[in-house]
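Listed after this line are the structures, all set down as structure tokens.
Look for chain A in each of the two complexes below; its partner is chain B in the first and chain C in the second.
Right, the complex of A and B next:
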């Protein structure tokens, strides 16, 4: 029977029985992000001859972070809440040749892991951070998150949220990430290209993907996908518009942490000899 | 021969493939799978251009389209 081409990277069966279909709700954006990422990785394996063993997936805790070790047939680690980036730093130090992809949610990256988030970009470690931003805490019941837009009502803010939201892309830019782009789950081809560029870029890459949570926002996935297209505008046309700009927001390569570390090792060896 | 296969064990009936299809090849149906989700069905297979957008957007990796046959470039005539 004809199968989805990306199922070759998925563990459909595990030691304790069937693992697929995944546990995410119908129409979840995190499932779409998994699909886009696998397409990007598949293109890189087919076109550039990258080996499957060169990819490592790391995640923390959250809906989007469930995508790694439970389902993927790649090397992966499912780690502590918000601490995916420190683990990624350790993996990178052990083998700087690896291509590391970190799946994270908005609560994982901006709330509990906020400090790890900014310092990973300040160091410019060679990782690709894919942030699935649905603007609420999906796994715990839809509570207000640092990325919830103002005046939104959630279970913990029934009369509307009074706080302004984090702009994660601007935060990553001032922290020092070398490649930043923002897309939505309603832009499949562009997101796949952005993920590909993020993986090939040397240095810290941050890709924010605005996503839907149909269960907690009480809309159908199709309505939310249409809304995501309506509230966003291309970065080239965003000058006189109050919509959310999407596209490649920042690209400025600079020396990575591992390159500088190698130069320090050389210098130390010279001084000793 | 083009074939579109929807895996009834994996599909969760979110209708995103129906929304994204540029040629409107798919539509909602009354076929219910074991978990109670309404599966999409293929209406017009002839208009399918094998763009594979449904495959890329599916959150559950449930739909599959026959890959495009590679048209041989320079070597095709030999």
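Right, the complex of A and C next:
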């Protein structure tokens, strides 16, 4: 039987039994994001000689954070809601050579993890943050998120959402991320390239991937994928349309936290003599 | 294998030298941590614990470690967790309000069996409370985090203890693959007194047991299996370790899990600490032969408590013994029961309204006529006050 090429990075079973089928709902965009990410990692391993054991996947809590659970045949951690970035920060304090990929959702990154989100980017830690943005809390039942469009009706906004939504890419930029891209699950090639560039960038990279939740938005994945193409426009084509710009939004490399800490080590040791 | 990046070649800083020193408790704590192998400190400032953080920020880059000031106490412990997974020994220090914020990550560290050390320089609460000394977090240390998670908590009572118990905390943490708490108080953290550092090669330093040490291959490796204390692979070593806090099998899988799997895991986590209480927990005692009464205390209160016991014995001729709990959790119930045959009164001075009094009463209710709490809020007990209280009860 022909197997998906990325299954080489997936544990379909383990010592305690089968790990498939996975936990994601049919039509969920998170699986697509994992596929694009593994393609990017596979390319880096094959083309640049990056070592597989140097990759570490860390996530918080939520549907997209499930991507780092037991299926992944990499070093990985499925951590606390919103806290993937401070944990990634600690990993880099101990070993800056590791290549960390954080899977997060919009609620995980921008609500409970909002403070960690801005500080990780301000420090420019060497991490690639892949945010699967479906505009709602999927795992808990489709409640409103900081990315839900205004006036949307959800289980916790039965009379419509009165709050405005975050633009996560702008937030990441003002906080200090050195590479930022936005794509959608309907852009597999572009997303894979963006993730590769994000991992290659030495510093904090943020890749927002607009995604679909067919379960809570009561639409088919096909309709939603078409819509993702219709509501977005390439940043190269238009800056002033009403559509959501996608593409590479920001690239300004600067020293990472651990690179700057070298000067701390130098000063501390100069002062000894 | 990924090359570890904590290169020490550029670093010329030295460990504290053997011999006599005159140090603050906070400094002794950091010096002990460095000797124990601390390579990462992540923290957030708070009175009265900031001195530990400041000293760590000066010393770590001198000896090849890294220091970071995080955005809050939550992220501070999370950074320790990440550092520990990548193979570094890591520590933070905080005070009571910050300790409350750390409970989420403490619970997570217990479940993921992550070695790390947290110092709580306790101050009075609730709320922002006050900024003097306190022992009001001793129950939070055990029961503050959600879930049935056993913990190891030590109570230093001198600058010497701040040094030695910090080393012991790292050793316990690595040996039992669990977070360890140092329940200090403001008195002991800010106290300045003599510290005697032994010859460095006489100090026992433990590291974690790794699958490589047991010849376990990556294919056969179970991150939560093999033994009651599972061997721990570091990130970057090709073991594909998966850290998870949801109910999990020994291989880290959350597939096909059941309540039975969760119960078995919780039973192991419980047995790992509580089942080894007599190996983990320490108590110190004096004057217990033929005593009619006993005073049981911990932390800084052990200093004034011992002073009061001596005076009551020497000046007033009353047979009172002294017990100091070096370890608060796991609670050394059996050791306490073995120390005491039968006494009239157990006095329990604490800088709270009576917290450790409860497990003491639970352990010794059939071995005494009464347990008398001696509460104090925000200040160390004066020995005279303790003497008077003891005399009131014992001479009536």
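Keep this in mind: the second predicted complex is superposed on the first by the 272 of 273 C-alpha atoms of A that agree within 3 Å, B and C clash if a C-alpha of one lies under 4 Å from a C-alpha of the other, contacts with A are read in each partner's own complex, and residues count from 1 in each chain.
The rule is short, and it goes like this: a residue touches a chain if its C-beta (ideal position, glycine included) is under 8 Å from a C-beta of that chain, and two chains touch if they have at least 3 such contacts.
Everything numeric here is computed off the predicted structure, so don't read it as measured data.
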item	value
Contacts of A:27 with chain B and chain C, given as first, second, both or neither	first
Partner chain(s) touched by A:79 [first = chain B, second = chain C, both, neither]	second
Touched partner set for A:45, first chain B, second chain C, both or neither	neither
Contacts of A:227 with chain B and chain C, given as first, second, both or neither	neither
Which superposed partner A:111 touches (first chain B, second chain C, both, neither)	neither
Partner chain in contact with A:189 - chain B first, chain C second, else both or neither	first
Chain B versus chain C, judged by how many residues of chain A each one touches	C
Chain B and chain C footprints on chain A, overlapping residues	20
For the chain A and chain B complex, residues of the former touching the latter	1-7, 10, 20-22, 24-32, 34-36, 39, 185, 188-189, 192, 214, 220-222, 225-226
In the complex, chain B residues that touch chain A	3, 5, 7, 9-10, 12-16, 18-20, 37, 53, 55-67
List of chain C residues in touch with chain A within their complex	1-6, 10-13, 39-40, 42, 58, 61-62, 64, 66-68, 70-72, 74-76, 78-88, 90, 104-105, 108, 112, 222, 235-246, 248-256
Touch list for chain A against partner chain C, complex	14-20, 51-54, 56, 58, 68-70, 72-80, 83, 85-98, 115-116, 119, 257-258, 261, 264-269, 272-273
